[in-house]
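In structure tokens below, several structures.
There are two complexes below, and they share chain A, which is joined by chain B in the first and by chain C in the second.
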Partner chain A sequence: MSWQIITQSLPIFLKAFELTLWLSAVGIICSIIVGILCSLVQYFKVPVLHQIITAYVELARNTPLLIQLFFLYYAFPVIGLKMSAQVCGIIGLVFLGGAYMAEGFTGGFAGVNSSQIDDGKALGMNNLQLARYVVFPQGFALSMPALTANVIFLIKETSIFSVIAIPELTNTALDLIGMYYRSNEYLLVLVIAYAIILIPVILLLNYLERKVRYGTFGD
Partner chain B sequence: MAHSAINVFFAGNNFSRILQGLWTSVWIAGASLIIGLILGTLLGILRTLPNKIIRFILRLYLEFFRIVPTIVLLFLFYYILPRTFHINWPASWMAVLAFSLWVAAEFGDIVRGALESVPLVQKESGLALGLSRVQLLRYVLLPQAVQLELPATINLATRVIKTTSLLMMISIMDVVAIGQQIIEANNQKYPTAVFWIYGLIFFLYFIIDYPLSKWSKQLAAKQNR
Partner chain C sequence: MTKEVLRVEHLNKFYGDWQALHDISFTLHQGEVLTLLGPSGSGKSTLIRCLNGLEDFKSGAIYFKGQKVETNSKNWQELRQKIGMVFQSYDLFPNFTVLENILLAPVKVQKRPEEEVKTEALRLLKRVGLEKYVNSYPRELSGGQKQRIAIVRALAMHPEIMLFDEVTASLDPEMVRGVLQIVTDLSQVDHMTMIIVTHEMNFARQIADQVLFLENGKILENTPGEEFFKHPKTNRARGFLTSMDF
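And now, the complex of A and B:
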């Protein structure tokens, strides 16, 4: 283990660190948007779209991200759809993440106590009002644990971007190991880099989860 | 050309090679799950003990596996074991070791959660009957915990199966690596082979994982009722 090797590699790792953060942030935000849209379709059981989204969620959740990325990056150019590695990475991550988020939000909406809905109906609310004022606010609070798990999962999944040569953290570490053969040093920096990203995220999300728990009633 | 590219599956011994690759992925997933579940049960039981030091160490162990992405975990074992500890195992054994420890960490947490959610009255009744700690665990807590933890365990299995797609990163000839070789070898004759091969692998993973995740969801729904 040599400190010099580590300090020399830090500027390169810093760039990769920024890229991992940036790809994770874009991927997670887009996944949440896709997830919310899909879960709304599922909640209101919009005909046709409902079935399409069920199929999408099952396909995305039951196949590995690596194969999804290979498909986007290597197979799509054959049919004339060529995208840069980073665009493929983000599309792949959102394809996967959107499905996980949709599943989480749908589960949250389904978890809202049925007495709440009955009470809403007794107050004379129509379906839209029920959704807007009763089901969604509580449903989102209930889906916080799933959201937390998904955010952590998606950040970790960006490591798979290394297979399509996006210079994020894992890819950078592998490149450096290939060039200089100092695996212990670079792997140590890599693990610490993920810890620096994930520990604050985990603590923040756990805090939010506890705060939001007050948003549910009826138990 | 699309009608002819599908022939890439049957050219030479391509199809049997893909099945061979699939078998590599399957046995690694299977072995890791078996070892991981046994080890995880022990870890889960240890985590319910009142000893603070054991609980703290096991908690650290779990958090390590939660933070490090699986692909990085594979590389940790692949590089550090031979170079630092001079353990020269085949890559597939290293993968089994890495996956087993990961499964043990996650399953330990599932077991702990299940053991803790067995109603307290069950434990007290067992003690009142004069059961020893081991008997209590064996006849009262574990049987009930197994049922509670089944959906999460099946979920974990689907994740392990999906994660086997990373095996080619440490030069194991899994289904993805063999698919890549076939694509490269047939690039001239079948330019769209890439679509069919990755399509087939995508489908193979789906038909293994989809029934499992469906089963897990049904079990969970039954428990919540």
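And now, the complex of A and C:
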């Protein structure tokens, strides 16, 4: 184990670290938005859209991200749709993440007590108002554990971007190992880099989970 | 003759093949209190839920102030603003304070000015003796307090009819009186038109202008209140009253 090798590689890793962070952040935020929209459609069983989204969720959850990325990066250009590797990566991550988030939120929304829905309806609310004031705030709190799991999962899934040549952390480590044959050092840096991203994320999400847990609003 | 507010004609309701309500018909006039009595599973709650569209029904019709109710969701949304309902579950929205719970529907659904509704909310809270909890969250309140606020929340919509579905059934015995007192006041002071499902026989006897006695989804008796308790017509109702009279 050589410290010199590690310190020399740090500037390269720092760039990769920033890229992983950025791709994860964009991917996760978009996944959450897609997930919320899809789950509201599922919750209110909006005709036609409901079936389309069910098909999407099943397709996205039952195919590996690896294959999805291959399609986006290698197969789509054949039909004239050429995108940069990073755009493909984000689209792939959101395609997968949106489906997982949708399932998580759908579960949370389903957990909202039916008596709460009766209350909202009896007060004359339409579906949009029900969603905004009743289903969403309570269901979101209930889906926090699923959200946490999905965020962690998606951050780790960015490592698969290495197959379409995005210079994120895993790809960078593999490249360096290939060039210099110092797997111990580079893998150690790689693991630590992921830990630096994931540990604060987990702590933050656990804190939020406690904060919004059902019934403790307003603390 | 007072004005007719609600009329139900030949209402039939099914859950799958099972018929929950059989040919229900009755009329409710302005200021009247109709009490639905009967054993558990007799269809009282199902019936009261049909009256503001929380349950649909297969055939029959509901008339609100003489107008036949079109049973589509848009129309029910409009109508529910005039037909307030309070449930057994005494649920308030846990993510809002007491005041926010009360303001939500009048301000967001009815688009009334917030200041005006707020003044009214405070007046109503004072009336039920809970004005000091105006900024509390539901979890800080007891079941009875929550139920009183749920009543205030429904009243703030200015309903023309109030539906009460076993509003004291899950409360601590000590909390029951306070809630029933508010309902009684609503009838005696405000002359509110009400439909009440209850198992509190003394309360029903005091407040009911008219009693519907249901069993297995059928109306066995439709009798003026006092008369029902003094001289029930059917053996079933007599047996029911005796069993409740402990």
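Just so we're on the same page, the second predicted complex is superposed on the first by the 202 of 219 C-alpha atoms of A that agree within 3 Å, B and C clash if a C-alpha of one lies under 4 Å from a C-alpha of the other, contacts with A are read in each partner's own complex, and residues count from 1 in each chain.
Following the convention adopted for this analysis, a residue touches a chain if its C-beta (ideal position, glycine included) is under 8 Å from a C-beta of that chain, and two chains touch if they have at least 3 such contacts.
Since we're looking at a predicted model, the values are computed, not measured.
> Just chain B (first), just chain C (second), both, or neither: which does A:66 touch?
A:66 contacts chain B only, not chain C.
> Have a look at where A:138 lands relative to chain B and chain C in the superposition and call it first, second, both or neither.
Second partner only.
> Which partner does A:12 contact after superposing on A: first (chain B), second (chain C), both, neither?
neither
> Of the two partners chain B and chain C, indicate the one touching more residues belonging to chain A.
B
> One more residue to check, A:37. First (chain B), second (chain C), both or neither?
neither
> Contacts for A:118 in the overlay, against chain B (first) and chain C (second): which applies, first, second, both or neither?
second
> Common interface residues of chain A with chain B and chain C?
Common to the two interfaces on chain A: nothing.
> In the complex, go through chain C and note every residue touching chain A.
Residues 52-54, 77-78, 80-81, 84-85, 87, 89, 91-97, 104-105, 108-110, 137, 139, 150, 153-154, 157 of chain C touch chain A in their complex.
> Would you mind writing out the residues of chain B in touch with chain A in their complex?
Chain B reaches chain A through residues 66-72, 75-76, 79-80, 83-84, 158, 162-166, 169, 176, 183, 191-192, 194-195, 198-199, 201-202, 205-206, 209-210, 213.
> Where on chain A does chain B make contact in their complex?
My answer: residues 58-59, 61-64, 66-68, 70-71, 74-75, 78-79, 152, 156-157, 159-160, 162-163, 170, 173-174, 177, 183-184, 187, 190-191, 194-195, 198-199, 202.
> In the complex of these two chains, what residues of chain A are touching chain C?
Its residues touching chain C are 113, 115-116, 118-126, 129, 133-134, 137-138, 141, 214-218.
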